[in-house]
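Just so it is clear, A, B, C and D label the chains in written order, and each chain counts residues from 1 on its own.
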Amino acid sequence: MNRDQLAARVARDIPEGAYVNLGIGLPTLVANHLPKDREIFLHSENGLLGMGPAPEPGAEDPDLINAGKQPVTLLTGGAYFHHADSFAMMRGGHLDICVLGAFQVSVQGDLANWHTGAPDAIPAVGGAMDLAVGARQVFVMMEHLTKTGESKIVQRCSYPLTGVACVDRIYTDLAVLQVTPEGLRILDMIDGLGLAELARLTGVPLLPLLAPIH
Amino acid sequence: MISKIVPSPEAALAGVPDGSTIMIGGFGGAGQPAQLIDALIDQGARDLVIVNNNAGNGETGLAALLKARRVRRIICSFPRQADSQVFDALYRSGEIELELVPQGNLSERIRAAAAGIGAFFTPTGYGTLLAEGKETRMIDGRGHVLEYPLRADYALIKALRADRWGNLVYRKTGRNFGPTMAAAAACAIAQVRDVVELGELDPEVIVTPGIYVQRVVAVGSAA
Amino acid sequence: MNRDQLAARVARDIPEGAYVNLGIGLPTLVANHLPKDREIFLHSENGLLGMGPAPEPGAEDPDLINAGKQPVTLLTGGAYFHHADSFAMMRGGHLDICVLGAFQVSVQGDLANWHTGAPDAIPAVGGAMDLAVGARQVFVMMEHLTKTGESKIVQRCSYPLTGVACVDRIYTDLAVLQVTPEGLRILDMIDGLGLAELARLTGVPLLPLLAPIH
Amino acid sequence: MISKIVPSPEAALAGVPDGSTIMIGGFGGAGQPAQLIDALIDQGARDLVIVNNNAGNGETGLAALLKARRVRRIICSFPRQADSQVFDALYRSGEIELELVPQGNLSERIRAAAAGIGAFFTPTGYGTLLAEGKETRMIDGRGHVLEYPLRADYALIKALRADRWGNLVYRKTGRNFGPTMAAAAACAIAQVRDVVELGELDPEVIVTPGIYVQRVVAVGSAA
């Protein structure tokens, strides 16, 4: 599954009427795949709700940007607000879903996505920790494996945490996993991948698909 | 297509269970959602906890809800007024519980619930009867009281205009508790004078974004 | 000094450009005596800044009231905001002056103005405690003596407190007193009243006028 | 007659002493008070503590202030960016202190200062490096960190329009930190595109009431 297919897979699970924040990077792609027949409200933490697509070239407005500092548009019916109000909206549990990238997710739903922990790294956190604790459901969207073939789904994160037990669901290029008190439950897998193979690649115990969810 | 508009105050109050905590906006007559309160009376839920600045005036609105013995407990800042006789009688006979909260702490506790703040230290009320039994702390040489968020199952508020996404604007001092109560309630219900087309409310001017509003009912200029 | 003279005396000490909240009751009268040549910004805790005088009869607007629930007007340049923002303005120390009525004020500046403490009284506090702690300067405006001739300025309040050590200055029909770490200092007295007589009526130690303040 | 309008950015920055804590609004280019930052560079105050979301980009604005060795400490949420080379070099050589704060805690600490809140418990950052050494508490089964207000001597912000009382309206996402920083600073300085007559700003629409603003300078469409 390539990045666009992964974005489309996440988009499929976002229902009409949902208030959603798409994190910087890979999650941004989800916007391109939201079904056109659903009204979905995108939030950007710098102070807008009802974010629309990128403007036509030449129509960029330096006062209308998203959290990634890219030019965006506002849908008819959208609204602006200040930063403290915007983060209150996030922290207060008003967003239905946020979609975040990650370095690692643990079986308990711990998230690491802000800091490699390298001794010479200059840290930068932005709104990652607020999104991790604030949304009703936190979806992580990432490659299943690192470039060197290690699982990004781990028993315990080795990178510094962004939030504790905050992830609800993990979307990777191989599978969709739900974080449950019993462990990670498989919700979906790509065609042709067996459970044994997925478990081997992942390196942590996985609970099998219970029944079709739709 | 999302529309939060419901056809009537009755529809707006549908499904409120007994035992609900309900915030009711308004300060004096300004911002008071009179039609929604009447619909709550008709709806029949009982054993309610009500959050409002006052505890009813005269014999109508919140006072009528109290008189119908539907309220177990009221959380407010200023219950006693010249015409709060319904509350006064229930209180004196022990038929209603009162939690008295300084007005700014009431507002800030509602705001904390809306904003996901777990608790906050406030100087208001420190050293007074209303801080008795509460955790206190000196911060920068000043006494503070620890106060907790105030959440609700429902908020009944009044605004001037809404669109189908639930965006709201208010009118003058009628704004008062509306924006914070809407955001602190699981289900915020707004009565408005007019419902307008999406886009008619300037995005710079929307006070309550639709994310905080679940149901809207237009009541016309009666509101 | 009658109530209007007292209000005029308080008004004289409010400088141009001050942001001021006038409490319910006696302090409301101060508005009528503010010098017309000074721009002074009146705040009302229900959510307006730049409050104007009462409207002409027939021009009342039920959505434009003050904290006492009386119809008011808004000056050109005034603004509306919600309750939590309004109390943040008060609590955050942005008002230069608030003027409050009182049952009692202690020599330490403790204020009692919300509750008689009578066993059958139904308490009501409103914004009194917020005003007491929030403004940069808290002025109390009251009769010097109760109807039965007892001093309302006391060593220690017998009524339940509104705020601890929050009062800066006391305006009565007899004198103006500043709360200082050393005790109550006389700033002004009505003509014909001697220091000894004022001290006798007040019943707590008073520090004499140091020098003219203007 | 009260007028908060000053004639130039230079006049707006007059009197800033060494050692000041200065909040600077803006998120990316939106809401960035570029003319005020340039005037601060010209003004000469040093040993500054700066509060901003970022730590400068490229070689201009905040980055130029840093490069001139005028900043002792920066409090921000996202210092490291592709073009934060000035900050990066100062940080690696130990010439600047960094206090890294999650963005929502940064906003809420500024808001707490503005609102007279002594401290607050927030879930953001609990269990992470950024909560190390901080007081924590479980509230309703959830971990929280105690955070304190962030005050400033000055705030430099950008708005769209102002009147002589200092009432402000903003433009789109340029609003960001402006309203809370203005309210958290002893002296808030706003650069605006236009100064309008008193009464031209609708009282329903004013985002920052003039009580929070001490100086206003019009910079025209250059802003």
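Just so it is clear, a contact is a pair of C-beta atoms (placed from the backbone, for glycine too) under 8 Å apart; a residue touches a chain by one contact, two chains touch by 3 or more.
Owing to the predicted nature of the structure, the values given are computational and were not obtained by experimental measurement.
Asks: Which is the least count of steps on a path of touching chains running from chain B to chain D?
Replies: The distance in steps between these two chains is 1.
Asks: Can you check which chain pair, C-D or A-D, has more C-beta pairs in contact?
Replies: Of the two interfaces, C-D and A-D, more C-beta pairs touch across A-D.
Asks: Let me have the rounded angstrom distance from the C-alpha centre of chain A over to the C-alpha centre of chain B, please.
Replies: Once rounded, the distance between the two centres reads 34 Å.
Asks: Let me have the rounded angstrom distance from the C-alpha centre of chain A over to the C-alpha centre of chain D, please.
Replies: The mean C-alpha positions of chain A and chain D differ by 29 Å.
Asks: Distance-wise, how many Å sit between the C-alpha centres of chain A and chain C, to the nearest whole number?
Replies: 54
Asks: Give the residues of chain B that touch two or more other chains, as numbers and ranges in rising order.
Replies: 108, 111, 115-117, 122-123, 170-172, 204
Asks: Give me the residues of chain A that touch two or more other chains.
Replies: Residues 48, 74, 80-81, 87-88, 90-91, 133-134 of chain A each touch two or more of the other chains.
Asks: Chain pairs in touch?
Replies: Once each pair is checked, the touching ones are A-B, A-D, B-C, B-D, C-D.
Asks: Chain B touches which residues of chain C in the complex?
Replies: By the definition above, chain C touches chain B via 44-48, 61-65, 69, 74, 80-84, 86-88, 90-91, 115, 120-130, 133-134, 160-164.
Asks: Quick one: in the complex, what on chain B touches chain A?
Replies: 1-2, 111, 113-117, 163-165, 167, 183, 198-199, 201, 203-204, 206, 209-212
Asks: Any idea which chain D residues touch chain A in the complex?
Replies: Residue list for chain D touching chain A: 27-31, 77-81, 84, 87-88, 91-92, 98, 100-105, 107-108, 110-111, 122-130, 143, 170-180, 207.
Asks: Please give the residue numbers of chain C that touch chain D in the complex, ascending.
Replies: Residue list for chain C touching chain D: 16-17, 19, 39, 41, 43, 48-50, 74, 76-81, 87-95, 133-134.
Asks: In their complex, what parts of chain B are in touch with chain D?
Replies: 108, 112, 115-123, 137, 139-140, 142, 144, 148, 169-172, 202, 204-205
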